[in-house]
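Take a look at the structures listed below.
Below, subunit A partners subunit B and then partners subunit C, in two separate complexes.
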Partner chain A sequence: MFTAILDGIFNGLSVGSVLLLAALGLAIVFGLMGVINMAHGELMMLGAYTTFLVQNAFKLLGEPWTNFYIFFAVIMAFIVAALMGLVLERGVIRYLYGRPLETLLATWGVSLILQQFVRSVNWVMIAGLIVFCLLYFGGLWAVKKRPDFERIRHWAITVLLTLSAAIAWAVGSVLSQTYKLAVTKPWFGAQNVDVTAPKWLLGGLPIGNYQLPYTRMFIMVLTVLCVLAIYWFLNKTPWGLRIRSVTQNRNMSACLGIPTQKVDALTFALGSGLAGIAGCAVSLLGSVGPNTGQNYIVNTFMVVVVGGVGKLVGTIVGAMAIGITDYIIGTGILANLFTSIQPLADFFTFFATTSMAKVMVFLLIVIFLQFRPAGLFPQKGRTVDA
Partner chain B sequence: MTRQFGRRKFLLYGSATLGTSILLKACAGGSPTASESPAADSTTAASPAAASGGGDTIKVGILHSLSGTMAISEKSVVDSTQLAIEEINQAGGLLGKQIETIEEDGASDWPTFAEKARKLIEEDQVVVIFGCWTSASRKAVLPVFEEKNHMLYYPVQYEGQECSKNIFYTGAAPNQQIEPSVDWLLEEKGKEFYLVGSDYVFPRTANTIIKAQLEAKGGTVVGEDYLPLGSTEVTPIISKIRSALPNGGVIYNTMNGDSNVALFKQMQGAGLTPDKYPVMSVSIAEEEVKAIGTEFLKGHYAAWNYFQTVESPENTKYVEAFKAKFGEDRVTNDPMEAAYISVNIWKQAVEQAGETGTPTSLEKVRAAAYGQKFAAPEGPVTMNTNHHISKTVRIGEVRDDGLFEIVYSTPAPVDPLPWNQFVTDTQGFTCDWTKTGVDNPGKFKET
Partner chain C sequence: MAVDIAVERTRIDGSKRRSLMVEAGIVLAVALFLILIVPLLLSDFRLNLMGRFLALAIVALGIDLIWGFTGLLSLGHGVFFTLGGYALAMHLKLQIPPTASSQLPEFMSLYGVTELPWFWQPFYSFPFTALAVLFLPGILAGLLGYVIFRNRIRGVYFSILTQAATIIFFNFFNGQQKLFNGTNGLTDFRTLFGLEVNAPGTKYGFYVVTILTLVVAYALCRWLTSGRFGRLLMAIRDDESRVRFTGYDPTGFKVLVFAISGALAGIAGALFTLQTGIISPNSMNIAFSIEMVIWVAIGGRATLIGAILGALVVNFAKSLLSERFPDIWLFFQGGLFLLVVMFLPDGIIGWLRQNGKNWFRQITGSRQIATYPSLEEDPEVEYERKNIGD
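This part shows the complex of A and B:
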């Protein structure tokens, strides 16, 4: 009995910690910055693909290294996703602050682009992109030096764009004609790729009849570390202080000399990097493919909304509550508790499959939000509506 | 920073975006054309003739998802279809003409499938279409094929309970995959079954069949669970399996796609090993094994009609041809082989009819398909008058190299039964499109 309870608690917490890790980045981007980032799942996917690449690189290094690739992968996943987030913020989102609907559409578009990107990325495409960026941004930089830049601006951009696109396209087709399959073969393709946990993470810790999987424990530890690191960063560092002040009152912070644009970029990159770490973690549990991110996006928004936008502690409690409820309903523990009351037992048995448990959880969330529209831990104070 | 985002700027950046997307498409488009250069050679050789003579090629449509969730599985079926057509073209074509393929992308979206099917039939005027994977996509295109009285060759194992005049089903019906595997499990692995599946039509129908069959043959179902498509949280399922089967038992898995990966990875973590908890899967083939990871699947089972490891001269030839065209690292699997059969059965029917199957001669080609025999990589197959084909059933165990060790195969090809005899609604019904004097030859009771 004791081990059964322990197993139940462990499983509920582990379901919750996967949710929490996935939602942590979003809690910052959506919760603190108010950006509805539909591409959050795809940033996770990038993290998962980075894990795949790191794993393959370490396979080349040989035996002792392959066992520890996962630590390196976590860091790389953070860096890659954070860089992508930075590009996204500088290139798209900063033009759309304060316009949630446009942000939603734009980031959704970005998510579709990223999905198709990992499906069809190959050397030709990369070469084309690099050539295009070099020519276009290089050319723009050169033209900007001219004194009459403002006057010829539109003309220059049009010409540069067409020229560099044409040259990049030509380079791409020449490459694909010359080297054929070697450069046109997609890196990943539409197929899922295989990420395998290192040997010491396979299997589990046996307790009586049960076995606690090591990968789950690893994810729980990783989640705890991430939460601690964020709390430390937000509360104990100068940049954390700036982030908090900007999220509380942007105009006042700007007046006091805080570089709000830099803070925005940093916050978004941080949130994206956390998504990358989450991607690395879920690659140990599930599949890694172009659609990996799609499987998590709804859950992560759910967690942040239930927890209360703007409070990290809300996200933590929300994730755990949803995870444990989902597990308890899905395994039919409630049905067993109510065996004496027949109709109730029947009711819970009906919901005791994984897909029906989801229905029940959503139902509970809808009801909950009727009474607490702002979530578990709503933001208080005068600046809430600002 | 309150600069207006004016109309001019909008036009400018709009054109920039457009330019970039065209660029991306051009680069991405480079891959299929170049990778299929051998095929392109034969089509280009054929197209000038088409331009001058107008009708010197036979146009066929290929309708699969090349993007979206299902692209994972469907892309390789397209490859196999192209291989079969290329072989026919290289051997001199069909009725003296080259076959020209028109590929359309169903984009894993069922209405798109119907739209593209209509486009292939009306605009491109193809004589036949090879395509679809999910039952949902097949159900979506079915009305189009019936309205236009056209032909679809459907290459995937499915739940049965359908028999359309306008579809040839070259994958397995349930009695050619699920039922023999349940019999084998009862005999070899135990009487207690736990059923897990994705939450949509195939697993639910399959599990209805399995439950009826187990009841008839003395097995028991100790639990049943469904996971939403794409979900990867299988912890509750694993807990339930462990409490329902504390001493081990059989798990029958009808999950699709990403959930499979989660199930096997996490079962291994939870210590449910194949010696105590063998899993029989019906949608895991060589490609999926590669994507999930052999170390998680080793020792588990799958039921199919074809495995890459089938030993026959036809299969050796097929596997070698496929690898030569698409790369040494590629594997072949059941739906791919069924697609290969589709093209060849169609080719033989056209040859026998002496007509290509344009709207006027479609009936003739359809009638000629009945009884066509083909020495397929999986062994001899025959097209029946119920539009399904007789196939050998095999059970394979995943081995170290990610391929299957065939542990059981039926002594002879099993005849297909589209209407399931274990499900009360359809008990006693059969399908025979050559039958006259019944209201609906697709579903009637033998008297």
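This part shows the complex of A and C:
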């Protein structure tokens, strides 16, 4: 009885820590800019694929290195996802501030593109992309120097866009004609890829008659480290101070000379990087596919809704609460508790599957929102009515 | 003076009525064209696709009501769509010939169900099914809307919650093999009213019914959005707080419009199921619900024609592109989302309304210098200028 509850809490915490890791970046970005990033799941997926690549690279290096690839992978996942986030912010989201619903749609579009990109990425595509970027942005940079740039802007962009796209396309087809399958074969393809945890993460810590896998513990430690790092960054560094002040009042911060655009870009990159780390963690739990991100986004959104955007604590509590409730209902522990009361036991048995537990958790969240519509820790003060 | 105003009023009413008549005429002509001419032009396969997409256009109308006019982005219309589909599919599954060995839908005996579950019973009757198609999604939407809007939860939160609801229902239907055949959904329909579902004549009948329903749905939305109710919806979209300060309670209106839009999705789902011959939890996945939003966005928000047009254009593009290059479709769709949000926020119709005239003039070379043509021609503005202006 007691061990069952302990088991539930421990497992719930480990489910919750994955959720927390995934939701952390989302919550920070949402709190700061009011933007829900639907591509957050795909940034996680990018992190997971980066882990896969790093793992394969370290396999080439040989024995002592393979054991420690995971540390390098965490860092690489952070960097790759953060760079992607930065591109996303500078290229798309920057133009959509103040229009949260449109941002939602645009980031969904980005997530579709990223999913398909991972499925069909190959050398030809990479080469084409590089050629396109070089030509287009190089050309734009050259044209921008002309004094009459504003006047010819429209034409310049249209011509450059079509020209560089056409050249990139041509380069791509020439490459695929000459090298055939070597360059047209997709890197990952549509099927899932597997990341194997290093040897020292296999196995688990026995607790009673149950084993706690080391990978889960690794993820929990990783989560704690991330939360501490974010806490330190937000509260003890000058940029953290700027982020917090923009979160509280954007206009006032801008008036006081805080570069809000830089803050936005930085925060978005940071949030995306955290998604990358989450992806790295997720890759240890199961195989990784183009749809990996989709499985997590809705739950992470729920964490943000429950936690509110005012404080970091809200996200932590929200993630843990959802994780534990989900696990306890899903495994039927509650049904076992109430065996003496038949209707209650039947009720909980009905919900004692993974998918039905989600139904129950959603109902509970909706009920919870009846009492705390803005989440556990809402933004204090006079909020702007958007 | 009073007589003058009365005369003016009737003049305005007259001109409004005339433009309404013109619109009704155009709608009727298009409907007749779709019913009579299009079947001659398209192959059976494409005609069936056309019918499906027209059914999807009905959902698009619902989304336009809730998003384009009221400003609430629902990512959960797949749920209502699928519920409508399931309601009709349950009726179709119960059309078992009395000679059959088992009087249960065949999947049930596979899972060892011996007795029809209680909530399947009423679906023997068609009137009940028809009501269920309409009211099941409608009431569900109303309930969901009530618990969300009551607390002034809105904006992105509303979108996230509706999206979560989609996942929840997806899980629920996926998990219930014994009740709804789980992932496989309900399919393999035979008869409706004793008619073969797959006979060409019946299929054409479904096509015609879809068009008629679309016309009725269009008329309903037009009526809802043209009067005071429509103005209120747009006011909620533009500034909800101000609506509240002027003494209205937006909650009721939002719940109502969400329910109507859910019911429209339900009908669309039923018609879609009739023409595809299958309904499964797959149509409740997140992607499909968001896709519905993009149809409206492409066509033009807050323009009913735009919603219909968008649904047709995007879906035909999808079927053509994914037949030829299956890989490209997702890139294309993603690009469509970005494009429409960043460069074409008013959609095709909105863009035409704003720039179409000038563009046309530029091409034809006829330049007109007119400052505010729309104001000059608007009878209401003219009327106000005459009576109130000075």
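The definition used in the following text is that the second predicted complex is superposed on the first by the 374 of 386 C-alpha atoms of A that agree within 3 Å, B and C clash if a C-alpha of one lies under 4 Å from a C-alpha of the other, contacts with A are read in each partner's own complex, and residues count from 1 in each chain.
One rule holds in what follows: a contact is a pair of C-beta atoms (placed from the backbone, for glycine too) under 8 Å apart; a residue touches a chain by one contact, two chains touch by 3 or more.
Only a predicted model underlies this, so the values are computations on that prediction, with no experimental measurement involved.
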Touched partner set for A:Ser173, first subunit B, second subunit C, both or neither: first
Partner chain in contact with A:Gln116 - subunit B first, subunit C second, else both or neither: both
First (subunit B), second (subunit C), both or neither touched by A:Gly203: first
Which of subunit B and subunit C A:Val366 touches, first, second, both or neither: second
Partner chain in contact with A:Val305 - subunit B first, subunit C second, else both or neither: second
Subunit B versus subunit C as contact partner of A:Val18, first or second or both or neither: first
First, second, both or neither for A:Asn67, with subunit B first and subunit C second: neither
Residue contacts with subunit A in the superposition, subunit B compared against subunit C: B
Which superposed partner A:Thr353 touches (first subunit B, second subunit C, both, neither): both
Which of subunit B and subunit C A:Val92 touches, first, second, both or neither: second
On subunit A, the residue positions that both subunit B and subunit C contact, one per complex: 95, 116, 119-120, 294, 353, 355-356, 358
Of all residues in subunit A, those that touch subunit B in their complex: 7-8, 11, 14-15, 18, 95, 116, 119-120, 122, 124-125, 128-129, 132, 154, 157-158, 161-162, 165, 168-169, 172-173, 176-177, 180-181, 184-186, 189-197, 202-204, 206, 209-211, 213-216, 261, 282, 284-287, 289, 291-292, 294-295, 326-327, 330-332, 353-358
For the subunit B and subunit A complex, residues of the former touching the latter: 1, 5, 8, 12, 15-16, 19-20, 22-24, 26-28, 30-31, 34-35, 37, 66-67, 69, 71-72, 75, 199, 224-228, 230-237, 239-240, 242, 246, 257-258, 260-262, 265-266, 268-271, 287, 290-293, 295-296, 327
Contact footprint of subunit A on subunit C as seen in their complex: 71, 73, 147-148, 150-153, 155-157, 159-161, 163-165, 167-168, 171-172, 174-175, 241, 286-287, 290, 293-294, 297, 327, 330-331, 333-338, 340-342, 345
Partner subunit C, residues of subunit A touching it in the complex: 30, 34, 36, 92, 95-96, 100-106, 108-113, 115-117, 119-120, 294, 298, 301-302, 304-305, 353, 355-356, 358-359, 362, 365-366, 369-370, 373, 385-386
